[in-house]
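The same subunit A turns up in both complexes below, where it pairs with subunit B and then with subunit C.
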Partner chain A sequence: MTSDTPLLSVRDLEISFRTGGRDIPVVRDLSFDLSAGETLGIVGESGCGKSITALSLIGLVPSPPGRVSKGQILLNGEDIVTAGEDRLTRIRGNEISMVFQEPMTSLNPVYTVGEQIAETARAHFGSSRAEAWDRAIEMLRLVGIPSPEQRAHNYPHQLSGGMRQRVMIAIALVCEPKVLIADEPTTALDVTVQAQIFDLFRELQHKISAAIILITHDIGVVAQMCDRVMVMYAGRKIEEGPVRSFIRDPRHPYTRGLISCIPKLSRDPSDTPEPLFEIPGVVPSPADLAELKGCAFAPRCNRAINECLLHSPALTALGPDRAVACLRQEEIPA
Partner chain B sequence: MSEKPALSVSDLKVHFPVGGGKVVHAVDGISFDIPAGIAFGLVGESGSGKTTAAMACARLNDPTDGTIRLGGKDITHLDGDQMRQARRDIQVVFQDPYASLNPRERAGAIVRRPMDLMGIGTPKEREDRVDELFATVGLRAEQKALFPHQFSGGQRQRIGIARALATRPKLIVCDEPVSALDVAIQAQILNLLGRLKAELGLSYLFISHDLGVVQHLCDQIAVMYLGQIVEIGSRSEIFRRPMHPYTMALISAVPTLDAGMDAGMRLKGDPPSPISPPEGCRFAGRCQFAQDRCRQESPVLSGDPDGHKVACFRARDLEVVALREELTRVPA
Partner chain C sequence: MLTGLLRKLANAVLLLFAVLVLNFALIHIAPGDPVEALVGEMGGATPELIAELRESFGLDKPLYVQIGHYLGRVLQGDLGYSTYYDQPVTYLIAERIGPTLLLVTVALLWAIVIGTILGVFSAQRRNSWISHLVTVLSLAGFSAPVFWIGIMLILLLSVAFPILPISGMTSTEAATSTIGYILDVAHHLVLPALTLGLIYLAFYSRLSRTSMLEVLETDYVRTARAKGLPKRLVIYKHALRNAVLPVVTFAGLQFGQVISGAVLVETVFAWPGLGTLAFESILRRDTPTLLGILFFSALMVVVMNLLTDFIYRRIDPRIKAT
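Showing the complex of A and B:
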């Protein structure tokens, strides 16, 4: 389903935040492409720059103190970084939609959820009020909300967290965006509802060949949903590749750690499980990074050598569609 | 099994009046035993009553009916100082390591507080115990003087665990203790909980919506649906031979690393309202195997007296068994 020209192309992106009188970069040297019909997973711990990257794609980096300080974000060849607010408003919803992490704060408390979905449908399709209302109810049904005719008249506070999240997803999907960015869209939901939501994402993809960026910490979700994966650490891309190689043959020690530290559901569990693999320590803060010369992961890495503390490794291609930023990747056994 | 269970819950009900004569049947008649040294997992969707049940066991909400025995002692109706003393043996680790620590108190004082409240030891002994606890959970002694906001999420959860250990309890209620943490930190905390259980012979009542986490840590598992236990058994029984269609649906919905493992079993809709639970089996409305009998009679939890039990009329019927075999087939 993927075509050769990317729908979205991010080039040398740098996002900085101004604190204490200086610009601290939180995302650096980030480049990636997204084609129509493709699902790209972005994984990494909190504080690695995943969410702020997603916000930059729809021109929502909170400014001040934040700004895109370098690079381009090209949507069908048009640079979002330099686009005006009017143009951005048209792009948001029509071409790119986003599902945010917090369903509690992302809905308008003074409108019913039906009105909020219908409003989006009217703005996009120019439908009549009645048509838009019917469409809103249909969307609520699709995201698995029971008795949608009644629920459409509810205000956000009358719904559970899981239902609010589903309303958010309905708003994002109602105008059939070409690019859907979903930042931990199902983290607050039960697995049974999560499965329904992912079916909807797949439907959208089949129907209009939408591209999806899925930010998640759940490696199982990545395996089921994504074609390609990008791993971020401390504001940089440290590994990228097709989902199969990401899971079967991760090259960066951080990627390996992320995959081995999660308890995986087994059909045949042992009665005495081995302890989980641990990545010691925590993600460094952007301010600490500014002082760091070498690889940002080195202080937590069980394979780090002196060299790693001195030089920051560049992203190196490992083939047509894979890349990794680790000095020792060749020495790490498959 | 001559030793008394660490916790024994029998026909526990927790109902909340919500006005207009309506009652939420949050927990509606559950029974289970947690043997000493065992991690017991309660799983289910949001609204299944798992947290309410666990909080009732620590008497942080009031049971409507039933009995709760802690190490053989009936604590269902204790109050005031008697309950406070009983809490030496049962402590809680909460979900949110940000909201469950007093922001104005230093970490050392937070961990010492349960001993102060229960009058355990001399001040000097308490201080020594705090040092010991900090070392046990992997914090440094000089961090006692810091305030909660100076710690990361994982470290805060370590403080919460140290506080829970302070009175040398036999049972710790863990309410989603890792769901607010990043994956890498989650592994650190799960390993800590596993190590403490082995070293101190602790029992856990462990609440989680993450089946991978529950499978990793828990020896026995009960699956809750709308206030009731629908299946209970050992780790290997629940995951190798799930018998209730709801348990199968839960396991099937977990995304796994092997593409194509998704058996495509989907639950439709949401659980019914706990205000007026339906007649018969509460899962019948969402169950692909439901028959007339399921909508009229309530199935009782039955099976092996000390082992695998299920509340389903159809659990042993051929089509249910066939689906289970498809779901639990271990890939070659």
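Showing the complex of A and C:
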């Protein structure tokens, strides 16, 4: 499944936003690899830097005020950070595609869905109008939209949320990209539709052997879909590992917290439900983080000691494919 | 779709009726009537003659009878007879509508085209000099009175550098050929069209800039970029078509308001259009002419609204569904 050189390799990535005359980093020291055919989950609360990291991979960090201020993003060895706009245009949608969180607003209301798929094929393959239109219909069929010949002539407002997200996926996959980034692709959809969309991802991944980066805060989705997981907190990677060990043996107190937050369904209706677990507090703002010396999670961590407030923990390897950034990870019982 | 259209038409007819009655009543509430104005110009008259004139114009009847008569004749396409020009009002309007349409169309067209280009351009470069220029220009365009701009342009382009005629639509000496006539009118058109267009330019550059800025932030524009479309397609295909919707709305509305929009400019440049006619008919208490122009003006607004609605449906597919 994996080859020696990673398909996508992110090295020491830092993304900053300029606010009040200062560059405030929102993502720091982020490194990770993605191999062909692999599914990597990126997990974390809102505001931890997941989505902006995803946008940086296709050179779409909103600029100004944002920019990649350090590091490299290597796609087959080619640095995306320093690539020109022309090159980026050829990479986007062709080698790396993205499916966004909001299917209701991510399609242009004034063009038919067929056109919105077809134009992507025309832009990257230089296909004729007729070829591109046929390809669009083929894609609509592939993503499971019934009677695609008719649906291609529909405008986005004539489709349901689930259908629109399928169209978004069709757009993302029309050029058979090597990497597909899905940023909370099902957050806005019904649970039943969610399952269909994920089935679709798996099926399509198999068909075109794309690598997927799945951004989510839903641990259940991660368990179903991913090979590997990376947990982000306040703009940093704090834990990484194969999905099984992530679920069974989380090392970072934050990861444990995330997993404890999943509500458990009881089979016996007479059971009094356990109170839901929550992690106290909120993710600190990037501006506060810039002042912070110690671990960003320490103020919310129930195992924090004085040491945690003074030193920022480095990412430590726990084995060939596991790493965690916590000063106390060895002392904390599994 | 068809029933919607019928309902819109019915609404339009009702609206026109209301406008007619209201205009009629308002003008008759105002002091002074055509007879007083006429008598004033004649240098006085006997009470008998005044009464006779009143009777001949039907002004001695009660207001509701007058309105009834007027409505009846409007329904037959007759807008009455001018008390000053001694000609049918429809004839007067027909004679003057051409120059007004020419002036307003040219002014609006150049202003919309240039304004949209400026707006779209400056939206893409939010902090560039061109963006600031658009902001300053539109503020100036909004604040400066149109007659002042007109006079300044006359001073600059007709007096200091006499390259354009000061006023009128044609030169005193008759043109010998059709092409000569067209060129002569075009030459006279430059200043008034420039003046009138400047206010519209201020408005449209501002409107399209704001609209474009908003659209550039939308998710679907992000999608268009994320699929690797070249910048020109992202801007001119995905963003512009959505950004242009408010421009279309306002263009339609403003084109309907041609007459009120052109009154000042036509007066400054002595352009022989409806605006000048309206102005003159107010001065001369020429009620039938004024009423006719007001009615015609309302008719234009209504027609343009219907037309805008139609164009809007062509640009934005979401409207058809509702």
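Here is the rule we go by: the second predicted complex is superposed on the first by the 318 of 334 C-alpha atoms of A that agree within 3 Å, B and C clash if a C-alpha of one lies under 4 Å from a C-alpha of the other, contacts with A are read in each partner's own complex, and residues count from 1 in each chain.
One rule holds in what follows: a contact is a pair of C-beta atoms (placed from the backbone, for glycine too) under 8 Å apart; a residue touches a chain by one contact, two chains touch by 3 or more.
Given the structure is predicted, the values throughout are model-derived calculations rather than measurements.
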Query = Touching A:Phe277, do we find subunit B (first), subunit C (second), both, or neither?
reply = first
Inquiry  = Looking at A:Asn302, would you say it contacts subunit B, subunit C, both, or neither? Reply first, second, both or neither.
reply    = neither
Inquiry  = Per the contact definition in the header, classify A:Val221: touching subunit B only (first), subunit C only (second), both, or neither.
reply    = first
Request  = Answer with first, second, both or neither: which of subunit B and subunit C does A:Ile247 touch in the superposed model?
outcome  = first
Key: Touching partner for A:Pro263 - first (subunit B), second (subunit C), both, neither   = first
Touching partner for A:His157 - first (subunit B), second (subunit C), both, neither = second
Query = Is A:Asn76 in contact with subunit B, with subunit C, with both, or with neither (first, second, both, neither)?
reply = neither
Touched partner set for A:Thr5, first subunit B, second subunit C, both or neither = neither
Request  = Going by the touch definition up top, name the partner, subunit B or subunit C, that contacts more of subunit A.
outcome  = B
Of subunit B, residues touching subunit A in the complex = 45-47, 152, 154, 182-188, 190-191, 194-195, 209, 211-213, 215-217, 219, 235-236, 239-240, 249-251, 253-259, 262, 266-270, 327-331
Request  = Mind listing the subunit A positions that touch subunit B in their complex?
outcome  = 45-46, 144-146, 160-162, 190-196, 198-199, 217-221, 223-225, 243-244, 247, 257-259, 261-269, 271, 273, 275-280, 282
Query = Considering the complex alone, what residue numbers of subunit A touch subunit C?
reply = 58, 60, 85, 88-94, 97-98, 100, 102, 105-111, 119-120, 123-124, 155, 157-158, 168, 171-172, 175
Message = Help me check something: in the complex, which residues belonging to subunit C touch subunit A?
response = 218-231, 233, 237-238, 241-242, 315-318, 321
